[in-house]
Structures are given as C-alpha cells and as structure tokens.
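Each structure below is given as structure tokens.
In what follows, chain A forms one complex with chain B and a second complex with chain C.
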Partner chain A sequence: MRDKLLLLVYILSLIYLSYLSNISVLLISSFFLLLFLFFAPIKNKLGLLKHSLFSFFLFSFVISFSYLLLELSSGNREGIEYFLMINLRSFGMTLLTFLFLRITNLYKALDFSRTLTFLLIIATSNILTYKRLLKDFRDALESRNMGKTTRQTSFTFIKRLSLFFFDKSVYTSREVYQTMKSRGFCDD
Partner chain B sequence: MIELKGIWYSYDGEEVFKDLSLRILEGDRVVLLGPNGAGKTTLLKILNGLLMPQKGTYLYKGIEINKKSLKDKAINKWFRREVVMLFQTPDVMLFNPTVYDEIAFGLRQLGEYDEERIKEEVLYWAEKFNLSFLLKRSPFELSGGQKQKLCLACLLVLKPKVLLLDEPTANLDSKTTHWLIELLWSMEITTLIATNNLNLVSELGNKLLVLDENHSLIYEGDPKEFFDDKGNLVKASILPCINKRSIAL
Partner chain C sequence: MHVPDGFIAPHVYIPAYLIDIGLLFYSFDRFKRSLAEGAVPYLASLSALYFILMSITLPLPGGTSVHAFGVASISLLFGPWTAFLSISLILFLQATIFGQGGITSFPINSLSVAFLGSFCAHYTHIITKSLLRDDISLFLSGFSSTLISALAVALVLGVHPYLFKDTFGKPLYFPFGFGIVIPALLLPHILVGIGEGMLTLIVVKALRNKL
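For the complex of A and B:
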C-alpha cells in the first residue's frame, strides 16, 4: 500500500510541478525537494543529486540555453524568465522522479495492473542487460585502443552502439514477451 | 611475467577479491576455473588493466600497472599491445564497418605500419582464420563462431605476449572449439583462459587456478592433481551439491 500511495503522491506532485509557472514558487518547491533529499533515509544522496543534475543538464539546460542565446541575440530579454522557469520546473521534476525511484518499490506500486508490471519487467530487464553490455563495449574499446581515441573511431563506435542497442532491444523485447506468454502472463 | 600482490577489489560496495596474489610465468598456459560469479571475468579485466584494484600491486614484466602508469602514452601503447583480451561476448569488441577494417584497427592505432603493410598483415590473418571471403562484409552479419574468430584475429594481428580469454568456448560448437584449442597450443604465447567447462580444462592449459564462490583462490597448480581429488571440486563449488553425497560414499 505504501508504494501505491507514493506513486499517487508522485503523480500528483508531477502534475503540480508541470503547472507551476511562478519562479518563486518553483524555487521554493526545489528547495523543499532538496530538503527532503537531505533528510530522507536513503543511501548515496550525493550520487542521486549528481544523477538528477546530470540528466537535467543534458536534456533541459543545454537545449533551452541555446534557445535563450537565440532570443538574446535578437534583443529579446523576456527569454531569461522563461529560461529560468523551464529549467527550475525541469530540475524539480527530475529530482522528484529520481527520489521516487529510490524510495519506492515500483513492482509493488504497479502490481494493480498486469500490463504495467509486464512493461516494467521488460524495461528493467533491458536496462540491466544494456548496462552490462555498455560497460563491456567501453571496456573492449579501451582494451583495444592504443592511443587517443580519434573522432572517426568515436563516431564509428557510437554508430555501432546505437545500431546494436536498437537491434538488441527489439530482439530482447520479443524474447521477454514470449517468455512471459509461455508463463501464462499474457492473455492474448 | 605477471604478478598480483595482495590485490583487494570491491565493486558497488561488495568485496570481490581480498588479498589475492598470483604469479604467471612466460609461456604458461593457465586455465582459470570457477563457478559463475566467482570473479573470473573481474580477474581478467584487472589483468587487462581495465579494472583497478583498490589495494595491492599488479606487475607486468616488472612494471606496475595502475591508473597512473596507463596514463603514460608509451606504457599504455606497450601494455595494450602485449596484453590483449577476448571478451565473452564477441559483439562488444566489433564496431568497424568491415571485417577488413576490424582487423586493421589495432595496426592503424599503433601507427607503425603503412597501409600496404597493414594490408599484408590483414590478409595473412584473415587467411589463417578462414575469413578471407568475408573481408568486405560487416562484422555484425557474421555467425557467432566467425565473430569469435574475427575477434581473435583482431587481437593476434598485434602479436601480443599475453592472451586473456573469457569463456572462449562458451558459444562455439565442438569443431570450432577444437580448432581454437589447436590454434592456442600452436602459438608461443602466454594464455589465461577463464572457463567453467570441466571437460576442457586439461586441453586448454597446463596450469590451473581455481576460484571458489567466495572469490578466493583455492588452488594453483597442476590440473591433474586437482581433479584426482574429487573433494576439490566440491570445495570450489564446481560440482553440484547432490554430488557431495556420492563423493562421500
């Protein structure tokens, strides 16, 4: 029950944050989230904060910052406020999600729906497999690399990784689906 | 040639190796045996300089291998050329557009040969591994056995001194397995092969290292002597528990 309640709180907080546009309120929300992180009984708090900041930086800050530069170059100063609002909102939602994932057992939270549990199993299985494979790919490149990685090598490597993981995800999803089906999980 | 002195390695807060020491001499054909999760791959990665122990010393030909020494370009190049590793999943080692480029990758990285010489080497190794007819193909289209052969060709083209192999026979049929065993014995190279295939141990090497499920090195020596005492297999958690009774009887 605890996990289902946390899921409900998470969804409501997410909706609340996505509607907020007042920068002061967004700042206060972020502060409370950080306060919660500080007092919550979880391990590696700094690691969680780092992950949140990195994800926020990569997916929100970098993109919105380039828009801000375009706005500023055309003499529009109003863009700064919008930039702050979007990024504070984005940071809050990211931190909230990482916190939720850390304190909740997702399997228990979603066990009211067979389909959602099924999707979660596929996603988790893929994530764990990919994590291990990605590590092996990087290790193999490091092992074979005898100098500075050239731009060409990096490009070829990233291209290969993308194709490999795309193929792998299609294949793994099919396999997991068949496995679950054979265990009587899917009714169709 | 290779010496680990009091290695401590932990991953995600879990201790894998505690005070592990071992020596491998030049020309040794070492088989690393152990159950799943014993730390065989971790040990190979440490020996390949991919994972760094938190404590202890790793010496290769008397040179300490650690993060700092591998930052030195000359040492890195020398070490990566001399100590190579075949990963358990060949797919992770292949990323070039063609089989030719894949074999040529290491030589191009070395920067010591011109394209003409690189071509000679690639053709020689492709011929040796029966990959000549695949040179223009993408490595990803090959079968499992062909990928394994290609990975080996990519490593051996560098003429390494130490070959680390992680479960090299796991995805091979018996014909290719025996081809691989003959190939390894035909080369003058120090090998360390991780496996959990008991049947192949004596064919793969003449020295045995055994890790148990607690990641401790419980045996170092002649494979025959190890297998003569069936209790050793139970101790190393290699035989299933059900066999403990039959051994006791």
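For the complex of A and C:
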C-alpha cells in the first residue's frame, strides 16, 4: 500500500512540477527536493544527485544553452530566464523521479496488475542476464581481433549474436513459462 | 530521443499517455489471444532480445558507427503489434529501472518509435517486397522506420514553442520550432537509418527461417 501511495504522490508531484514556469517557485521546489534527499533514509545520496544531474544535463544544457546564445546574439536578455526556468524544472523532475525510484519498490507499486508485475520482473531479469552475456561476447570478439575489427567481422558477429540471443529468448521463455506454471503463477 | 523531463508540456504528455496506454492494452489483449499460453514470459524474452538489438553498434562507411533501434527487425519478424508491445516495455524499463530518458517523454517515444516505427517498417516491407529485391526492401523498411520516428518526435517537440508560450511570447517548454528541430533531428537520423537498415537486413535474414 505504501508503494502505491508513493506512486500516486509521485505522479501528482511530477504533473505539478511540469506545469511550473515561475523561477522562484521552481527554486523553492528544488530546495525542498534537495532537503528531502538530505533527510531521506537512503544510501549514496551524492551518487543519486550526480546521477540526476548527469541524466538531464547533456540534453537540457545543449538545448537551453543554444537557445540562450541565440537570444543573447539578437540582444534579448530574457533568454537567461528561459535557461534558468527549463533547467530548474528539468532538474526538479529528474531528481523527483530518481528519489521515487530509490525509496519505492516499483514492482510493488505496479502490482495492481499481476501480469504487468510479472512482465516487468521477468523482462528486467532477462535484460540483466543478456547484458552480461553481451559484454562477454564483446570481450571475446575484442580478444580475438588484433587492432580494428573489420566490417565483415562485425557483420558476422551481429549475425551470430542475433542467432544466439534469439535461441536463448525462445529457450528462456519456455523455461520461465514451465517454472511459472509449476508454481501456479500462470493464468493463461 | 532521450528527451529529459521538463521539455514536454503536460498538455502533450498526459493525452499521449492516455492514447499509449489504450493502444498498449489493445495490443496486449491481441497478443494474449494469438498466443495460447506463455504470453508473459515470451513477451519478456522478446523485449530482452530487442534490448540486445538496440545495444548493437554498426560500422558505417567512412569509419563512423551508429546505434540502431532494432525496431524494424522485431516488427518484420514478430509483427508490428508485438513489436510495439515489446519495444514499449523496454522504453518503460529504460525510463524507470535503468534511469535513461524522461518519464514524461516515454509516451512520445513509445508512440513515435515503437508504434509508428513498427508499423512503418511493416507496411514499407509489404509495399516494396513485390517491387524491389528482398535485400533492398528490408533495408528500406529499417531506414524508413527510423526516419518516420525521428520526424514524429521532431513534430511533437517543434509544436511546443507555437502552442506554449508566456504573455511575452517566450517559450515555456521546448524552445525551437519546426524550422530548427526537423533538420536537427532528421539529418543525423539519416545515418542512424542507414545503420537500422543494415541491422534489419542482417537480423531478419538470419532469423526468419527459424520462425
């Protein structure tokens, strides 16, 4: 119940933040979010803050800074207001999302649908396994190729990779289905 | 298409969420009906396969390389509705669990990349396969699906400064209009489209006999 309530609070706060365009209100909102981050019972607070900044910074900065330059070059000083407003809003919304994801169990928050929860859990676990396997494949390719990989080698690698992961996907889905069925999880 | 939160107006992302959720429910219902049993693990595995396809880097002529989307491959192999579902699932996990891409840009990406991209690849292949060589048809499916997705995102972003501005006419969300955002998104995506076309060609040719 706690996770579902937090999901509701998160959605409402996100919508509220996305409507804001007043710099003072955005500054106050960011201040409260940072205060919450400081007092929240979570580990690696600095890491979360860095992650939030890194996630929005590149796109937000490139777009808003190029707009600011365009405005300043045409003698318009109001571009600074836009620059501050959009970056503060983007930062606030990103930090809110990361805080929510850190203090909430997303799977529990979405367990009003059993199918959706299963789907998310199985897909996440498959992705984590596949990511590790993909890294092993890349390392293997690198270790067997001195210097730059040729285009032909890359294409053969992609072909083999897709064949392997396709077979693995078919096999894994059958295996997971049997496991779920034997434990009484399947309702299809 | 990693648009962070704050650039898309709630007047855009809230209706987009409603449309996207409706389409996702419809496609999941369709998917469950077409697959007698094991729909959930099969969809999860397909999504993971898509995740791998989108992680692949393709070498292009001139020494550059691009990350393809993998949308056309999944669409041509498993059908556009299944592709829409599995790609949307990955986009959702990227926005939430893996923290890449904004939560407010998810429905825009889901509708433009997963929905439009999948259907564009599917119909391009249907139209061109009787007119052109199979290799060219597959390449064009991948290429066109990338460009249509990029164009859709550009149109959604580009409409913001015309619709959402303050009393002084200054933008409140995404600041650039169609004149800037369409070429800014479409030109780099020509390269991505070439990569996507090549990936579609390789993957579909390698896998379609296994289905």
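Here is the rule we go by: the second predicted complex is superposed on the first by the 116 of 188 C-alpha atoms of A that agree within 3 Å, B and C clash if a C-alpha of one lies under 4 Å from a C-alpha of the other, contacts with A are read in each partner's own complex, and residues count from 1 in each chain.
Note that a residue touches a chain if its C-beta (ideal position, glycine included) is under 8 Å from a C-beta of that chain, and two chains touch if they have at least 3 such contacts.
This is a predicted model, so every value here is computed, not measured.
**Student:** After lining up the shared chain so the two structures overlap, which partner does A:94 touch, if you call chain B first and chain C second: first, second, both or neither?
**Tutor:** In the superposed model, A:94 contacts chain C only, not chain B.
**Student:** Check whether A:143 is in contact with chain B, with chain C, with both or with neither, and answer first, second, both or neither.
**Tutor:** In the superposed model, A:143 contacts chain B only, not chain C.
**Student:** Per the contact definition in the header, classify A:130: touching chain B only (first), chain C only (second), both, or neither.
**Tutor:** Second partner only, chain C.
**Student:** Applying the touch criterion given at the start, work out whether A:170 contacts chain B, chain C, both or neither, answering first, second, both or neither.
**Tutor:** Only chain C is touched by A:170; chain B is not.
**Student:** What is the contact status of A:112 with respect to chain B (first) and chain C (second): first, second, both, or neither?
**Tutor:** neither
**Student:** Give the label of whichever partner, chain B or chain C, reaches more residues of chain A.
**Tutor:** When the residues of chain A touched by each partner are counted, C comes out ahead.
**Student:** Quick check on the output: what are the common chain A residues between the chain B footprint and the chain C footprint?
**Tutor:** Residues 159, 161, 163, which sit in both footprints.
**Student:** Going by the contact rule set out above, which residues of chain A touch chain C in the complex?
**Tutor:** Within the complex, chain A contacts chain C at residues 14-15, 17-19, 21, 51, 55-56, 59-60, 63-64, 67, 78, 81-82, 85-86, 89-94, 97-98, 101, 106, 115, 118-120, 122-124, 126-127, 129-131, 134, 149, 151, 154-155, 158-159, 161-163, 165-170, 172-174, 176-177, 180, 186, 188.
**Student:** Under the definition above, what is the set of chain C residues touching chain A in their complex?
**Tutor:** 2-10, 13-14, 28, 32, 36-49, 51-53, 55-56, 58-59, 73, 89-90, 93, 96-97, 99-100, 102-104, 166, 168, 170-176, 198-199, 202-203, 206-207, 210
**Student:** So in the complex, which bits of chain A are touching chain B?
**Tutor:** Touch residues, chain A against chain B: 133, 136-137, 139-147, 156-157, 159-161, 163-164.
**Student:** Help me check something: in the complex, which residues belonging to chain B touch chain A?
**Tutor:** On the chain B side, the touching residues are 45, 48-50, 73, 76-77, 80-81, 84-85, 87, 89, 91-97, 105-106, 109-111, 140, 154-155.
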